[in-house]
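Heads up, the next two complexes both have chain A, just with different partners, chain B and then chain C.
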Partner chain A sequence: MDVIVCVKQIPDPETPAAAFKVDEQAMQVLPAQGISPVISPFDAQAVEAALRIKDASGEGSVNIISLGPDSARDAIKHSLAMGADEGYHLKDDAFDGGDAWTTALALSKAIQHLGVPDVLIFGRQAADWDQGTVGSIVAELLDLPSATVLRAVELSDGGITVSRVVADGFENIDLPTPCVLTISNEFGDPRYPQLRQIMQAARKQVTELTAADLGLDASEVGSAGARVQMHSLFQPTSDVEVEIIEGDTPEEKAAGLVNALREAKIL
Partner chain B sequence: MTKSAVKSDSDKRRTGATSTGKRVSALAIPAWLPLGGILLVSGAETVRVTGAHRELFFNIDHFWVLYMLLPFVIGIILYGLVRRSRVWRLGQPIVSGQITRESLRSAFDDLPVRLGRLVKGGGGTERVLRDPYSGVMHLCIMSSMIVLFLVTALLAIDDYIPVEILVGPRYLGYSLVADIFGLVGIIGVAMAVAHRWVRPRTAWLPTWEDWLILGGLGMLLITGFIVEGLRIHTSEIDVNPEWSYWSPVGYVVALMFSGVKISAALDIHTTFWWIHMIGALSWISLLGYSKLNHLVLAPANAFLKRTSAPGKLDMIENIEQQEHFGVSQLEHFSMKQLFELDVCVRCGRCTDNCPADIAGQPLSPMHIIQDLKSYATAVGERKVANLVQGHDLNFGLDDEAPMVGGVVRDESLWACRTCGACVEACPVFIEHVPTIVDMRRSLVMEEARMPDTVQGTLETLERQGHPWRGTPYTRDSWMEGIEDQVPEWTGEQDYLYFVGCTGAFVDRAQEITRSVVSLLREADVSFGVIKGMESCNGDPARRLGHEYLYQILAEGLIELFNETGVNDEQKTVITHCPHCFNTFLNEYPDMGAKFQVIHHTQLLEQLVDAGRLVPRGDGPEQTITYHDSCYLGRHNDIFEAPRRILEQVPNVTLIEMPRNREQGLCCGAGGGNMWMEEQGKSRVNEVRVEEAVATGAESACTACPFCVQMFDSGIGTVQLDVEDDDKLKVLDVAELLQAAAVSEGQSDA
Partner chain C sequence: MASILVIGEADDSGLTAPTLELLGAASRLSGELGGGVALALIGSGLADAAAAAGPAGADTVYSADAASLADYQTESYLPVAQGIVEQDSPAVVLMSQSSIGRDLAPRLATRLGSAAIMDALGLEVDAGRIKATRSCYGGNARQVVTVQTDPQVITVRPKSQDPLEADASRSADVVSVDVAEPTLRARTTGKEQAESDGIRLEDAEIVVSGGRGLGGPEAFADLERLADVLTAAVGSSRAACDLGWYPPSQQVGLTGTVVSPTLYVAIAISGASQHMAGCGGSKNIVAINKDPDAPIFSFSRFGIVDDYKKVLPALESAFAQAMQ
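Right after this comes the complex of A and B.
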């Protein structure tokens, strides 16, 4: 079974809060010193899901597409090290400043360019902006059935059986192929690459594709084609006051707490 | 024995040598010479013994059969050892590549050290003697065997040289010594049997090998006395009774046979003589086929053990060109590592000292070595056969359980703290830790199979250059508010203070960092800190088995040190972390490091000695127990510097825990276990905290930021019900010294 996984490189979500800075004027997140950007964790799980589908079907390929700056190549390499076959990097200055729509547009063109596979997989959302829309937009653009926020994916006769995470439980669905899936963190940890694969991935060529290669005009993508406008970007400050309720016994402390909550009009 | 007695002994001996004109140097066996000499002398003075002697092959025909058998036995032993050596030779040459002159040189470098270890640790069984019971037991058996072998050889030599040595008083002394050491041997065997029968260690149970060797030896000693007793009964007791008093055990045996007719006794004598002799030859043949081989292999291993620091791990050179990473097959081990498996005598001391085993966790170093040894026997021999028959090495071995994950379980490999207690305890100089880490390397790099916590730690190291996943801090958080008091490294100062990841990212350890800075400022040390730019030196990655990541991190840091002028023979790096210290000192030279390294306790001791730090006398009375960090103490031999600092703080009383210095117990964090979930009955840090609490000390002092954290969390559970004020307090040596030696106004930094 052939699978394509779309991955995004993001600032490491483990970056300590103290090291997280934004440039409010330029409306950009400043990279933290000494902390490399990483593949979005949900996307790594998407790669894991793709590799398991390939293993279960016993044949096919897992190819990776990522749209982003030069460094995005590392997210592709990481996926290759996990065991993916080929990597495609959508790299063009024209893509800069895009939004979910322009990203989805470029990705869908790239997927058509490579040939629509049996399964297309995304992470449920990129762990930086957390919009969670690119997968669904691609499904619309390619007119494919989709299932989002999945915790399990299995092959079934002639299709795919998935389990969605919903507010009050799980929803099990059968889909035909080709289809679009987005993977949630409940799916489980992605594999840690073997050193040999890391070294092989380091030697592997990643194919670069520009907007022109995909038949896209610069006015359709990047900031020119974006449909979402950002008005401001800032780090919210929150003042927290801590009051320790004193008391000799647990009962006294509880009574003190209740009084304090009443005074604050919370109770 | 008094001094004068010793003197008269040697004097008389010289006299005796002159009078007979023959030297007695053949008797020069240190263990019994003085005793033998004394008895010989007193014997000469008290008894009429001029003609005392005995016949070599008394009552024995066809004794030449014995001489015929001798080369045969030697052949059998050699065959066993050579055959076994084919399994050892499956291993990698000592240095990767092939056996070159360099690789041989590396096995023979530091010759004086190796020879010293051969003499003291091999011949002198220095480490065996550390355990009083088994030390005495082993000494009894070993001395008995050596003496009895020499006694037998001497009798034969005496018979074939023209001059008789063993005559008169010398013979009688000789007889007495032989009898005494025969008895000593029986005592040793009895102790060994009792050891196995009455109080077997939990770590092991005796096997057929133990009983065969001990039973055989006991049988030899007893039949030896029976033969002697029958000889005395039939040829001595009636003729020269005063001679037989000099063979006291034989004399008693002779009395037991006194009712037996001489002719019958002679027949029994012949039978037992042959049983004794054939038995002796058979028993010694076990040397090629059982753990009795430690007679030869243990001293050899004492010689072959690495002379580098025990905590050093060897580098995988040209890692990108390797066909495999770490050890997943027997043939990936070095020859030395395979050889070591056969040296193990299953004494169990490694396991008895292993922190994981003590805490009931799934690791027994002895079982790892023993299980690998069995595997080397079963599978190694088949690999050898495949080689001989021109097959692929692993032909027909597909169904065998994998060595890593099957023979040795993953959880055992992860439970290792690399603390080196096993290596330190091993009387035959086996190095368990590099063998365990080699298999971890395969788990991590070859198979990418590891606990989630290990994976998370390695990912954090890769991405953020430190192992503390989820920390809210940055590299420089610890200096918030005191930035102006922390000098930036300019390349001009004498010392670089390398804060390290734990000192920067863990709040409790940040306090230690600030104490060190405060002390360095107080003593006016010329130092600086590379602000914001430090990265992990790779130690956690290396201990967790990710050699490749270690090399990447180490190359990066060396590059930073090159750029900032740290990597210079004139510069010294201070570290308060023993793990950073060990890596910089012992492992970075392989990566091209030239700088000097000093642990903060060493430097602080120098500063106190020089009067640049003066602990005040008005501090509170306090009792403190010092906990040795494995990587400072056992691995780098720094036991006294931190203790001397504590001793120089007025009003401090130092109390030792029973396990201290070389025998110190790990806090549980070593070998990357700081970042793992522990599995098993209890936690290592709780065991250690209980030991510290049991001393009655108010505080535990240590010199490692990991130990401090492990103690803090151990106290949380061990002293759950204790009032906060009465709980054990945990301090780094620097914190204690800061409180005593830095004036109030300075104490913020």
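Right after this comes the complex of A and C.
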């Protein structure tokens, strides 16, 4: 089976809250000192799902597309080191300031440019903006069936069978190909590239594509084409002051907590 | 034509709590936007839910009631939702950030030539459009955004909005929507209900939650005993769920369930932003963690700095006495 995975490079979501800083004026997150950006973790899981589909089918390819600045190349290289075949970088100043819509539009054009594969896979959401819409928008633009927030993906007779995470359990869904899938954290850990694979991936060519290569006018993408406007970006503040319950023994601490909760009329 | 169309959800007990919250928010916002509030219900056996819509704040109910819509499927709900939006032509479409809303909203918005904002925490009217405040960067940041195209599609986080007091004197016009037999490419073939013999997480007044710091799945049995004493539901951090220690249905956080109980007891949970996104609305958080610098303490009202293994048995008996 042929699979395309769309990935994104983002600030490391494991960045400790204390190191997380926002430039409110520029409405941007500032790079944290000494913490490198990473491929969005859900996207790494999407690559893992794609590699397993290719392996199970015994043939085909896993190709990677990422839209973004120079750093997007690192998400592509990480995916190649995991075992993906080819990488495509949608890189153009015209893409700057875009939103989920303009990103999905450019990705869908790139997918058509490369040929719609059997399966298109995304992470359930990019762990920076946490919107979780790009996969569904691409599915709509390409008129493909989709299943989102998946914990398991398997080949079935002529199609794909998935398990979708819902509030009170799981749904099993059968999809024909071509289709769009988005992978959730319940999928499990992705493989971690070994040094030799990283070296090999470093030598692989990544094809760059501009808006014009995709037949897109600059007015359709980036900030010019965006449908959602951001007015501000800030860090929330917590106004809670914690009271640490002291005591010499666990029993004293437990009793102290119960007393405190009663005095505060919480119990 | 309504100014705001809520695409609601119903279960055996009628309109779901998030739907009542959406109608509350829609009533508040429509007062400023001008125009009414409509509710779209898509499903099967909707009569009771439709009857509850007026008292909950709707002026009009579009009821798409068909056996083929009993369970959510993207391709069966999407054309029905599209049809209702085109019939009503609202300025704003609100949905819950539920399993359905997450899946339906972006496709619906795209099909309508517009865009969706997901998981809004706050909604206000500004210059005739809805300004939505939402969480991003795993809960580390907030952004304020508007959809610049029409209709403005927005999903809203459960428990972030207040429902209206039900007013039995109000009623809504019910418009029956014709449903065509859907053409399905993707098909839902079955459902696995999560095992849950306890209290539903989102309904619980008290939630006892465990994280990676528990060190293994067996500790959740201890949490369940404590939860029994407190008549609480048991939750888990994403880290603990991803390690397979507890079912994903019990995950509290950005990618799991959002809870806002009176008391949230976080045991061996560090307090990552994406976890706080799921429990930050709790009225009181109590943290038990051996690391005095764990971020969870900065969100907590009370804390115990100690190994949970030592504290938990003592806590169980102290609570048992207190609850008598």
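As a convention for this text, the second predicted complex is superposed on the first by the 242 of 267 C-alpha atoms of A that agree within 3 Å, B and C clash if a C-alpha of one lies under 4 Å from a C-alpha of the other, contacts with A are read in each partner's own complex, and residues count from 1 in each chain.
The rule is simple: a contact is a pair of C-beta atoms (placed from the backbone, for glycine too) under 8 Å apart; a residue touches a chain by one contact, two chains touch by 3 or more.
What you see is a predicted model; the values in this text were computed from it and never measured.
Peer 1: Using the superposition on chain A, tell me whether chain B and chain C clash or fit.
Peer 2: Pair status: fit.
Peer 1: For A:Asp93, decide between first (touching chain B), second (touching chain C), both and neither.
Peer 2: Neither partner.
Peer 1: Just to be sure I read the superposition right, which of the two partners does A:Ala139 touch: chain B = first, chain C = second, or both, or neither?
Peer 2: second
Peer 1: Using the touch definition from the top, say if A:Asp55 reaches chain B (first), chain C (second), both or neither.
Peer 2: Touch partners of A:Asp55: none, neither chain B nor chain C.
Peer 1: Of the partners chain B and chain C, which touch A:Ala17 in the superposed model: first, second, both, neither?
Peer 2: Once the two structures are laid over each other on A, A:Ala17 reaches both partners.
Peer 1: In the superposed arrangement, which partner chain does A:Met199 touch: chain B (first), chain C (second), both, or neither?
Peer 2: In the superposition, A:Met199 touches chain B alone.
Peer 1: Would you mind checking which one, chain B or chain C, touches more residues on chain A?
Peer 2: C
Peer 1: Just chain B (first), just chain C (second), both, or neither: which does A:Ile35 touch?
Peer 2: A:Ile35 contacts chain B only, not chain C.
Peer 1: Roughly how many degrees, to the nearest 10, is the angle at chain A when you join its Cα centre to the Cα centres of chain B and chain C?
Peer 2: 110
Peer 1: Just checking: does A:Gly169 make contact with chain B only, chain C only, both, or neither of them? Give me first, second, both or neither.
Peer 2: second
Peer 1: With both complexes placed on chain A, how many Å separate the closest C-alpha atoms of chain B and chain C?
Peer 2: Nearest C-alpha pair, chain B versus chain C: 7 Å apart.
Peer 1: Can you list the residues of chain A that meet both chain B and chain C?
Peer 2: Residues 15-18, 189, which sit in both footprints.
Peer 1: Where on chain B does chain A make contact in their complex?
Peer 2: Chain B reaches chain A through residues 320, 325, 444-448, 450, 452, 455, 458-460, 462-465, 469-475, 477, 532-533, 535, 548.
Peer 1: Residue numbers of chain C touching chain A in their complex, please.
Peer 2: Touching chain A: residues 74-75, 98-99, 102-103, 105-107, 109-111, 114-119, 131, 134-149, 185-194, 196, 238, 241-242, 248-249, 254-255, 257, 262-263, 273-274, 283-287, 292, 295, 297-306, 310-311, 313-315, 317-319, 321-323 of chain C.
Peer 1: For the complex, give me every residue of chain A touching chain B.
Peer 2: Its residues touching chain B are 12, 14-19, 33-36, 38, 189, 191-196, 198-199.
Peer 1: Name, in rising order, each residue of chain A that touches chain C in their complex.
Peer 2: Residues of chain A touching chain C: 11, 13, 15-18, 20, 22, 27, 29, 99-101, 104, 124-125, 127-133, 136-137, 139-141, 145-149, 151, 161, 163-176, 179, 184-186, 188-189, 226-236, 238, 240, 242-245, 249-251, 253-255, 257-258, 260-262, 264, 266-267.
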